[in-house]
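There are two complexes below, and they share chain A, which is joined by chain B in the first and by chain C in the second.
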Partner chain A sequence: MELTKNITLGVYLPGETAIHRLDPRTKIIAATILITLLLFIKSYEAYGVFLIFTAAIIIVAGIPFSYALCGLKPMLPVLILMWVFQLFLYSTAEAEVLFSWWLFTATDEGLHMGNLITLRVLFLFTVTTILTLTTSIVNLTDGLESLLKPLRKIGLPSQELVMTMVIALRFVLILAEELDKIVKAQMARGVAFDRGNFIQKTRKVFPVFLPLFINAFKRAEELIVAMEARSYSGGKGRTKMKTLHPGRIDLAAGGIMVLFAALMVYLIISAVPRV
Partner chain B sequence: MNLSVRKIVISGILGAISILLGVTRLGFIPVPTPAGHATIMHIPVILGGVLEGPVVGLITGAIFGLFSFLQPGAPFFADPLVSVLPRLFIGVVSYLVYYSTKKINNVLACVLAGAFGSATNTVLVLGMATWRGYLPAEVSLTIGFLHGVPELIVAAILTVILVKGIQRIRTSED
Partner chain C sequence: MPIEVSELCYSYKRGTPFEKKVLHEVSLRIEDGEFVGLIGPTQAGKTTLAQHFNALFVPQQGKVIVNNCDTIDKKANLISLRHEVGYVFQNPDYQLFAPTVGEDIAFGPNNQGLKSSEVKRRVSKAMDQVGLDYSSFCRRDIFALSGGQKRRVAIAGVLACKPRILVLDDITAGLDPRGREEILNVIRKLHSEENITIIFISNSMDEVAELAERIIVVDQGRIAFDDTTRQVFKKPSELKAIGLELPEIMSIAERLVLCGYNLPASVLNLEEALQAIAENLRQGQVSD
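For the complex of A and B:
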């Protein structure tokens, strides 16, 4: 049971490619546009174009495909199960029946819904993974802080909220290692995590959770002291040693993004609504 | 609104635990229903509300929701109205329940906060999923019963154990 092996969230793959060199703000805005588009895509043609676009980004960024997708591995069984359930459960009165067996009836509506939703999950996952794989956490913070700065005017502590997100992302990996140690320690004491029924499995979670939370809270106290000792004060009157400067490459990326978004919007609007 | 360093750090770390439970699948207890699994990913959010107040509960809930939207564990979470919005209420509800019952008994308050927090998650998420048309109402009710009840029990027990554990450490350090 290797828990940390398939975690790609919050991992940064250093590189010198065009995608890596983009201003983090460009990347964050682009990712937001892609995610928003995903919420509206309802046709396979649009997903096809989207697939080509994401694949192109992965190639340009020089991320090995196997690595970009390995975070999906633990999700696969659930995704397949979900797809099957959508297939059998989702239907409307006028849906065409594909086949039925015993209590289960598969309709074309269900198939379509299952496909669309599964594709959306896969792409959401890939887009966010690409963003964190090609953007270092420092850049991500700077970018988000700078983008959310206007929210300060309406009273939202945007810098502090970004800091919270960054701590969360950072600590996923730190706590994952800790969790690994706890699980191994418990296994060494003879706990078999993969055996037993629902109740037995649930009971085995308790001796893992308590040390995990207590260690996390201890780390939190240490971090609070460390941050207070350095007089962390959120966004008030803080300046940056390195400021962000969008360059020509960002303009080019922005142009590509606008063209792609326009194409997607066209595909979404022109898609024949399925009955 | 002003956020102290304490609130920032604790919401961040609780959010991290919630994400961790998601990526390692440790937060999922397999139950064979259309939603796939019962979850304990919302426990950090409940703890945030109980131990640090409504603001931390809200922010931790937002991180949990955002994560389950961006790296969805079930297809209908790929909609922010189902994944993010309901999660904002978990911590706030837990806080309100805990503080209104704390005077009676600390353990009872923890049990209730865990149970109500968990129920908030189940009811609002499934309600939203039904309303947005991802699940038929009967299926939602079945899932709500099959998942909601075990989740509620696990959440109540875990909240007591964890809150007591952390409170003990805190008093011993003071």
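For the complex of A and C:
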């Protein structure tokens, strides 16, 4: 039994591909543009184009498709639930009824909305996964810090924020590994997590989450001590061992992104029904 | 209930770019009442192998049969298997969760669906076995215990399930000498008095040499040696090549031999060493 197998968020897959070599800032900006575009896409054609583009990035980055997608597996129940909710609950006056059952009525608009939102979450997840899979944690921190630097002027503690975020991301995997051990330790004492009614199942959560939280706090404390022992005192006056230098490859990537974004904007606008 | 492992293979994160083969066609058999030391360098696959014994891992290839129950069999009752094969983890913090010592130890028996009188009996017996006084410790706050006490509670929590095989995964790591000695005494007693099969994973050669009757050395997912303790420690150069040390008592004996003492090739504990040295002195072979 391995719980960490399907966790791809926050994992770095080392490589030497063009995507890996891009300046982290380029990747972060590109991911931000892609995510923004996703929020506006309302047609299946646009999603089709988006799919081709993300698939191309995954191929260039040398990430096996099965691995890029396996992170979605644990999310599947949530996605399905979301789709079902939209299907039955979203509706407008001119929606056509597909079928109804007991209190629930499914409409074509609900179906459309369900599909759109599910696809949106799927792609949001995939885009961020590609970013973290191809960017090491150090690069990610440097890139974000450098991008948020202008906000220091208005009093935003950007360095601290980034540090917090990166640590949080890193802890996803660490906590998952701890969860794995805790679940095993309790299974060794004969817990059957999949047996019993709802209340019995809920009670089985305690033997797992109590140690998990306690260990997480302990770990956090140790991390604080370890950082302070090395004189960490926030972002002020910190210099970098490696500075970022965008190159020609970033220019090319930027060009591709602009073209793609233009295409997507065109697709998004043309999909809006004219009144 | 013997443990039979045949041609067991296991890869971590199979099907991902991080796939790593940790067990290569491992075969072994552990009989009732044995005291087996499982040693090997870090990342050798000791824990992965041991967690196959109580079906926390099921084989990807090969077979693990415990008490005539094939762990890969869908119909096998893994829950009762896990009560038969107790597993104590290195870090008690992964296991302890209840507010008091008594409640935590009762967790296993409660999972077995026993009556509360029986659960109470089991808890007090388990606490007695690990040397914790029932009346003073039962209501003690778990998170206020010392490291050694926590480990004893963790062992008691597993013993309360009445296992016939006990896997101890590096449970003495990070303990002070006294805490260590107390834990080792508990284990010794469990083996000699209750005749529980013990599989003792450890990084300390001293402990293994002192306790185990048989040693299985795992290296890079393969069994390097599987023999009696004495035989295994007769191969110091092979062990060193794997990255294992000799027990301290043996290194001292080695040096004494260089000084002219006539000692047997494998001295496993202090008593043997003392006897051999005394014998030497009595026969006057060594002039001081």
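As a working rule, the second predicted complex is superposed on the first by the 260 of 275 C-alpha atoms of A that agree within 3 Å, B and C clash if a C-alpha of one lies under 4 Å from a C-alpha of the other, contacts with A are read in each partner's own complex, and residues count from 1 in each chain.
To be clear about the criterion, a contact is a pair of C-beta atoms (placed from the backbone, for glycine too) under 8 Å apart; a residue touches a chain by one contact, two chains touch by 3 or more.
Computed from a predicted structure; not experimentally measured.
> Figure out whether A:75 sits in contact with chain B (first) or chain C (second), or with both, or with neither.
Touch status of A:75: first partner only.
> Between chain B (first) and chain C (second), which does A:210 come into contact with in this model arrangement: first, second, both, or neither?
both
> Should A:192 be classified as contacting the first partner (chain B), the second (chain C), both, or neither?
second
> Thinking of the overlay built on chain A, is A:125 touched by chain B (first), by chain C (second), by both, or by neither?
Only chain B; A:125 stays clear of chain C.
> Applying the document's definition of touching, compare chain B and chain C: which contacts more of chain A?
After superposing on chain A, more of chain A is contacted by B.
> Contact-wise, after the overlay, does A:66 reach chain B, chain C, both or neither (first, second, both, neither)?
Touch status of A:66: second partner only.
> List the residues of chain A that touch chain B in one complex and chain C in the other.
4, 206, 208, 210, 214, 218
> Please name which positions on chain A make contact with chain B in the complex.
The contact residues of chain A facing chain B are 3-4, 6-7, 9, 35, 38-39, 71, 74-75, 78-79, 81-83, 85-86, 89-90, 114, 117-118, 120-121, 124-125, 128, 155-157, 160-161, 163-172, 174-176, 179, 198, 201-202, 205-206, 208-210, 212-214, 216-221, 223-224, 227-228, 232, 234.
> Which stretch or stretches of chain C touch chain A in the complex?
Residue positions touching the partner: 12-18, 51, 54, 56-58, 79-80, 82-83, 86-87, 89, 91, 93-98, 107-108, 111-112, 143, 157-158, 161.
> Under the touch definition given earlier, write down the residues of chain A that touch chain C in their complex.
Chain A residues touching chain C: 1-2, 4-5, 13, 63-64, 66-67, 70, 178, 181-182, 184-192, 206-208, 210-211, 214-215, 218.
> Over in the complex, which chain B residues touch chain A? Could you list them?
For chain B paired with chain A, touching residues are 1-3, 5-6, 8-17, 19-20, 23-26, 28-31, 34, 36-37, 40, 43-44, 47, 59, 63, 69-80, 134-136, 139, 150, 154, 157-158, 161-162, 165-166, 169, 173.
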